[in-house]
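Should a chain be cited, it is by its letter among A, B, C and D, assigned in written order, with residues numbered from 1 in that chain.
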């Protein structure tokens, strides 16, 4: 992606400078003199054709690599880890698939105090999902991540400038993008789609770390079943436990 | 229409004619009055309005995961005790087409300067339009009675009610405007304003039977939109 | 607009043609109603509905609105913008399907 | 009633040869033949009282000035809002009274005012009304009454918009794109009265504009004077015409989205609203699609940005040609480019939505169409600069503004190419790079044209020249100042500073931006205040400016050739002009002077090698 930016930058910058230089030349050379001889040539088909073709070629040279990169961007590699980012006004939380590697289904309409992610109780895939009610996300290096974006209220956008990738989180559908972190460190997450007065303050953190640290972190997190089990005398618990016994 | 004559300019048919009309001076649409062009361009813009409504409806309907109500049941009427699907809608369609036909004839008689015929036909059109609006009111009240609201719908997807009331409402609004103008123009025709080339209220231009054609364009357009609403809303 | 004078003598059409179109419109409306009556389903239903719809629309535009007799300059100016609408429709169909796909996948069925 | 109309204009008789001046004396039966008039003379309504003459006036020229002044008023409001925003961004401590709510309201109103109520109204309503009848040789717009209503609708729309500053909760702060769901939810400032008034105001604007637009289109297509073929119209008219056509087809989408959003707000329908959790409660909405709104909005929004660009393209072509004393290079190409850009602009809208979560496959389609638009646009740029080549350039204020336009437009256009190429857009979208892009290409480029146009046509409207000296100062302040506002923003965008951020400073990675933001703010204040020079120039020149006389720039196009300068109601006195050529016959070899007006018959320029147009 950086390469396409650079390519565009140099071609674009070059054209810009050429245009400006040509203008300066004209201004200096042809400024007003009474009785100067002026060329009268309304049209020059050959010149126009050359310019059209040259521009078209330039455009193709910019577009083709861009589309290839884009194709790459929308097709997630098979081995990507899934992370679901939940956005709300104005904060973030995350959900990781548990051992089965599959995220359970979830709906905004099902959200309650006891079920902060709106998990579908009758979806078995969801029981081992890891729920992180905190805005810090850990990732391991050199492993592609597929970010699934879910919004609970309005549009947001999970954007880490250094990752060169972003996508809006839209209520009502799930959007996604992927990237591969390869530099250990802490990154700031910014919300990049206007979402109301708290927009500018909607920050989070991503920590990219090596495999071991990551595994340690994962172990400390709670799964959906844990969360339910912790809650005493509530309905969710009874339904879920009943289902577990089936 | 086709048989315009223009001094010093040869009108050719087809695409050749189009190229020459476009390349000529003064007017591009040869022999089409300003008012008529205005109505056409306005209708083009209005087409985009209705298209946007219908496209939104399609998108909305295609992306809802809740079932869409079965329109032939929702809009059925009971004849005796047998439910006849879409009966009212069918009648409305026929009424609107009838009025379109009378309008077309009114335009024809207008150009033939047949003041009486023209006036009666416009009046007939207006009454057809009025009937249509009346039936629409009936249909709305029936649905409202059954619990459908813009914000809720007992038969399924919420959007059904919203789109239904919005689109038919917007169409009904067009029809109502048309009906008002039809009555006014019926009066003007009978009063002979077009024979006398009386100026209108808001315009510096002289009147003429072409105004009836302009009104006709609008009326046919309302019918045209109904064709699409009928197909996409009721038959889908 | 003086030209009306010139036109008045020439530009009316035989009444028969209007009556014909009128009749056709009734018949086509009846047919499209029958599509629902007989509860055709699937592709057949759709193609019939669309065919009748476009035929009706075409007849109204061409004859009742006199587009058939208008000069091509006007006709083209009116019809070309419809490509934008067509493009919009096609893309919104794709968008609608994509939306419903992600909704079903992530909210209901899972995958 | 009939005495209100002037009946003395008898229709032109069909004469086989008719020359305007008739001085040459050569029998010119053949080469000067222009076919007789097709359309009868237009009757005009002449006002008698102050009210019908100046307030509810039906003369397109006065309506144009009314539009212009109203639009400039909104523009000044937009400018002041931009100062307040910049103060907050540059010196957050200095202005504690600007809260986040206020900031977002300022951004929103700034964007909306500048795009819709300022530029659109100024170009189409202002320049369109004034210039169309004059340049095509009509007595007035075809429906003067409707034209008047159009202005008053616009005026009411502006009043409603301004009223929203004073309602409880203030104006909407949803961003000028008004994206739902947040536009109508409590987390956004002005989510009650503010947004409703905004939607009403926009709807009124659309209705009013439709009335005006019908006038512009039909005047251009059906009311040209004898000899004025489409390919002899000045490019100004082509630009305004195409922009109007775009507006007629694009505004419906805005109207529809406004209606639907109003219903979502007031009746709680769920067009754009899916299930939403607010303050722990699930709202009653269900199943709607926010992306649908974005599609509708940008189906309007992208043509809209060309609505403000195309008139600027047209006007700048004319200004360059007149002041470089050379015909515009490749006129035909320019016309086709304008029309082509206009047509294509309906197929690129979702390039604003690359990161919106729409169907990802759309990216391919829209990236391709977007970059295709760059080709005709590039041709226009080439043609402008080739026009300068081997010309005789008057380096006056007007020309300076034209050159300023080219520089900023090319800069902004090339950043547009970055954004159009979907893979490049993804990191840059919603950052200050986008802000830089569109301020270059829309914020200053068309403004440069407007200013140039004011210097150019002021003598026509008022009969007096503007001061050149003040004009040059004005130019240099505006150009250098505006450049120093927006050029640094590209850098901010590259490092990833997101747009619509009330403040950034606790973020470690953008500390380098602080100094830059202060600099930008200073520049913005200076540029803003330097507009006072302009206003001072206008006001004083009304009284003490050098009398302009007829055709001070030695231009060819019709607006300078009216019998009275400034033109009076009805524009042309007794007889409509007859046109024999395009408006770009400058420095034709063999001609006596360095310009040949459009009304000069061929028999008078027999020796010159004029282009056949």
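The criterion applied here is as follows: a contact is a pair of C-beta atoms (placed from the backbone, for glycine too) under 8 Å apart; a residue touches a chain by one contact, two chains touch by 3 or more.
Not measured: the values here are computed from a predicted model.
Common neighbours of chain B and chain D under the contact definition above: C. Separation between the centroids of chain C and chain D, computed from CA atoms only, is 35 Å.
Measuring from the averaged C-alpha position of chain A to that of chain B gives a distance of 47 Å. A straight line joining the Cα centres of chain B and chain C is 13 Å long. Centre to centre, using the average C-alpha position, chain A and chain C are separated by 41 Å. For chain B, residues touching at least two other chains, in rising order: 22, 28-30, 32, 34, 37, 44, 48, 51, 59-60, 63-65, 205-206. Residues of chain D in contact with at least two other chains: 39, 249, 286-289, 291-292, 295, 299, 361.
Looking at chain A, one finds that residues 107, 172-173, 175 touch two or more other chains.
Contact annotation for chain pairs lists A-C, A-D, B-C, B-D, C-D, with touch applied as defined. For chain C in complex with chain B, the residues that touch the partner chain are 1, 3-4, 6-8, 10-13, 15, 18-19, 21-22, 25-26, 29, 32-33, 35-37, 39, 45, 49-50, 52-53, 56-57, 60-61, 63-66, 69-74, 76-78, 81-82, 85, 88-89, 92-93, 95-97, 99-100, 103-104, 107-108. Contact residues of chain B toward chain C in the complex are 1-5, 11, 13-15, 17-18, 21-22, 28-35, 37, 40, 44, 47-48, 51, 55, 58-65, 72, 85-86, 90, 93-94, 97, 100-101, 103-105, 108, 111-113, 205-206, 208-210, 213, 216-217, 220-221, 223-224, 227-228, 230-231, 234-236.
Contact residues on chain D toward chain C in their complex (touch as defined above): 39-40, 249, 289, 291-292, 295, 299, 346-347, 350, 358-359, 361-362, 365.
Looking at the complex, you find that chain D touches chain B at residues 1, 5, 14, 34-39, 42-45, 142-146, 210, 213-214, 217-218, 221-232, 248-249, 251-253, 255-257, 259-260, 263, 267-271, 284, 286-289, 292, 295-296, 299, 579.
On chain C, the positions that touch chain A within their shared complex are 99, 102-103, 105-111.
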